[in-house]
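A short worksheet on the structure shown next.
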């Protein structure tokens, strides 16, 4: 091009050369673009498939089967001052037997009783505690049904199978059908799932304890890992002299990213539990371990973001007399923020979904009480999912999927926050 | 901005650490086997809901990890109880003694049946322990009848026993780190191996070789180590009708519509058959209590009482609903007495 | 007066120090030319005052809290009756727990006991005394610091340099944390690893071709082959990670290119966070998906083609893991591609290259260091991933590079060995620590190589 004499002397002109290749190049362009689109559609498709499969098996957990009982709160057994000693179980039993007066045999009675959840008596107890004025009166109360009944009502148990292959026998199903006819059994929105802690009865199990545990753990992780990660990235990228020491740090950080998460659990066990004697199973320790685990991710992403800020910005800032710290804090850091946030979000998302390191520090546990602080024993959402996925009861299967959905909601919220922040900061030169 | 973040950071961190000194434990801490976990959690939940005490915290760490934590010492930071799917070992008791735990109370809670099952879409298997041994051992007696062992040549069930279907051997089972595997090897493979005279003779003459023949499971493909998640095995079996799986009875009980238990030695794995001992493959489950912690950590005595009550571990108790096979009444009496009197374990009994 | 309140007061005092310092700085130069006479901008004088308040008090605060509980415990124990005091130390620890339960109003183990109640009251008294003292101490230090600085603040005080030096040290401390983590990890696995190597010789572990932990004790083993050979486990890890990278790198990179170069702003704003959700789905979910959906599909399609594919193939685990780590590649690459100056693109486009040529020849090389960082991170994640492989790839250690066969990975083995039912001090459990250590060393070596390669390449580019 810059030697026009060549083109004039030869028979071929540049413009012809360009023209000749143009069709091919445009085709390549189209192909490239289509490849990009394919890649992104593939990823989104995977996401959609995962979402649909989770939602498909989990949505039914948001409903719960309840049975209506007509209970007479006999004042003889209920002393308003000592409700803890009252026999609520007996009241529930009587109410149920009254609905089916034809059941006399002891074995049959037991079968009948097994339609109700063991939570029915607790539900009644809570009601009476809240309304002591109702003692002596009759009331009708919706109490949770057993998980097998729940599964049957939701169609997860096939009524047409031979009797020996069902958890419910023919007689129990006939009772349920009788209840259905009377309108005394129905499905309602499952509030227990969102308000209760863990339980070994699927119909009483809830996600709230694990959600609180995850929240406390992530608060610690975020508060520690984001500033430390950003600070480390800034130091390594902007301030650190290029010497052996910084090389060691850099290799170290890259290496820590590849350490399997369960090894961080071993570290937590040795350092935080055995050396510092922090309380076992607490979200504080969980948060610290997850901080160490996510730090490398955040540092590496942060450094990549800092690297991508053009040197001209730095030179301009230094040129007008800013100190190095000022240049970083006022110019480089804001520009690198979107990338840093991306790294943090990915890191936090990983921390939110991680089970293995929590195993070693005692968070893979059965904890019924809702944790109230950083040092209370707690589990986390992925742990809850892991434990439920390993439970024999069929009812836990939909609970597992539902818990995953709750976890995903958390994730979507976190990502939306990142989108907002990124939009605020993102710049293109 | 950064200064603000840094100050919040120190706030939370130090507030968290700062309160640690005043922390105290008023709940029972339990660790141990993932097999006992489903049972002890039910008891713990009932205990928490019916008494003034808090619900115990139960970690699922595996029996080995549980004994390690349990034996680390006396004190509030150490667990009070460990669940175990096998008996405590002498070395573990010794470690505990060394760390100041002089008295350990052993409670046996019942039995766990180990079943071999496959999908309902295929035919039910009728196996003997000899068949299972021949199908799964790494080395089997030479098919030509000489008293030597050769690497397992069998590919299909029909090769093992002409009465079995001509299906490729594919068994999903627990890994060697699992107590279920240990019990399976001992109860099935060892007995199966003893059906051969020369192997039986070996037991007396050369115990080590006997064990290595009977306890080594083949690793050339037909036996697939499938991890500890029994639900996953159940679902894999449902998706693959050609495979058999080895897992705990409670999973078969819950999935009776999808899976069928194979008949072993003519007995099907149903609750009654396991309970009366006619089904040959079941193993005891235990938990161990640190006596020094009783009366110091609130609720241990009451928890033991709940666990050893008839409404929990009795023939009609709620633990049987969860798949635990109860002990005979006399044995239950023995262990509830131990729980009441806190009779410590005698190390020489092991 | 709990520690949390003291901490809040401390922060309030520091904030007050900040405003006082700034006001003082402005007051000093009042009438002599205003803020421009100052060496640093007024905020730096404020920040310096705040640092003087916060740094020493924070140290004292944490030190105090660490010592407080030990001192109070000792004092309370010394007041207890002789019978209790004669108990061994670990039993005393339990008694102390009871006393603390009383103090905190928790459930206690037995019935009311006058001695314990007295001890609890004494404990409470000591604790409020100590915290009152701490409060006074911290306030005095803060006020002292502020008044000293009020006198020191002059126009020529180089406040900015002081503040910046403190920030510099904080930054160094943050990055050195990585080294401490490494040391911590090595120390926490080293002891058990050494015990393992006392039982199993190092060379058997490093170069053994057979991994079969089912026979625990050497004397029990059949034949002489070492059953704790790590090579098949590591080959399995590499195989699964390689499959994952074959999925993740092209898909991730092309997604990133499309998002940053072709997609409009709106599409990008939604698609990118959606992709990031892939990285956050709990790995248990992926594991179930791989084991129950992908693996049977692969097995059945293999059967159609006459291939014998195991239902726990490395392929299923690798593919699903690849999907999971797509965002690691795509999001980070997208950010760095986006940060390539527009001038470079404009230059290439104005010379007549098509958009894809610009991307391939100009943008990607410019963004390469960042992309490599993202890919390395993705590789790390693939190596360290556990649950997917546990569920989909199984535990059988085959020494093979065939992706259709069953393999096992280091992480799977570590998890299974650690949570097993076997005795914790047996070589089976100890092997988990040795595997962890070896994985650590191997990735360290890989990273050192990567560092040199990347650096060499970058120098050529610049």
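Note that the chains are named A, B and C in the order they appear, and that numbering of residues resets to 1 at the start of each chain.
Assume contacts are C-beta pairs under 8 Å (C-beta built on N, C-alpha and C of every residue); 3 or more make two chains touch, one makes a residue touch a chain.
All values reported here derive from a predicted model rather than from experimental measurement.
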Centroid-based (C-alpha) most distant chain relative to chain B: C
Two chains joined by the most C-beta pairs in contact, as defined above: A-C
Inter-centroid spacing, chain C versus chain B (mean Cα positions, whole Å): 34
CA centroid of chain A to CA centroid of chain C, Å: 19
Gap in Å, rounded to a whole number, between the CA centres of chain B and chain A: 29
Junction residues of chain A - those touching two or more other chains: 227-228, 231, 359, 389
For chain B, residues that touch 2 or more chains besides their own: 6, 15, 17, 19-20, 23, 25, 34, 52, 54, 60-61, 228-229, 232
Chain C, residues touching no fewer than two other chains: 170, 288, 418-419
Chain A residues touching chain B - in the complex, by the definition given at the top: 84, 110, 114, 118, 122, 157-158, 161, 164-167, 199-201, 219-220, 223-224, 226-228, 230-231, 273, 276-281, 284, 329, 359, 362, 364-369, 373-375, 377, 387, 389-394, 397
Chain B residues within the chain C interface of the complex: 3, 6-7, 10-11, 14-15, 17-26, 33-35, 52-54, 60-65, 67-68, 73-76, 84-86, 89, 91-92, 95, 100, 138-139, 175-180, 182, 208, 211-212, 215-217, 219, 221, 224-229, 232, 235-236, 239-240, 243, 292-293, 295-299
Residue numbers on chain B that touch chain A, as the complex places them: 2, 5-6, 8-9, 12-13, 15-17, 19-20, 23, 25, 27, 29, 31, 34, 37-38, 41-42, 44-46, 48-49, 52, 54-55, 57-61, 77, 120, 228-232, 248, 250-251, 253-257, 316, 318, 321-323
Interface residues, chain A side, partner chain C - complex: 18, 25-26, 28-29, 32-33, 35-40, 42-44, 46-47, 50, 53-54, 227-229, 231-232, 234-236, 239-240, 247-264, 266-267, 269-271, 292, 295-297, 299-301, 303-305, 307-310, 312, 323-325, 335, 338-339, 342-343, 345-346, 349-350, 352-356, 359-360, 381-382, 385-386, 389, 404, 407-408, 411-412, 414-416, 418-419, 423, 426, 428-429
Interface residues, chain C side, partner chain B - complex: 2-4, 7-8, 11, 14, 47, 50, 54, 58, 61-62, 65-66, 68-69, 88, 90-91, 93-98, 100-101, 103-104, 106-110, 127, 170, 212-215, 219-222, 288, 291-292, 296, 299, 310-312, 390-391, 394-397, 406, 412, 416-426, 428-429
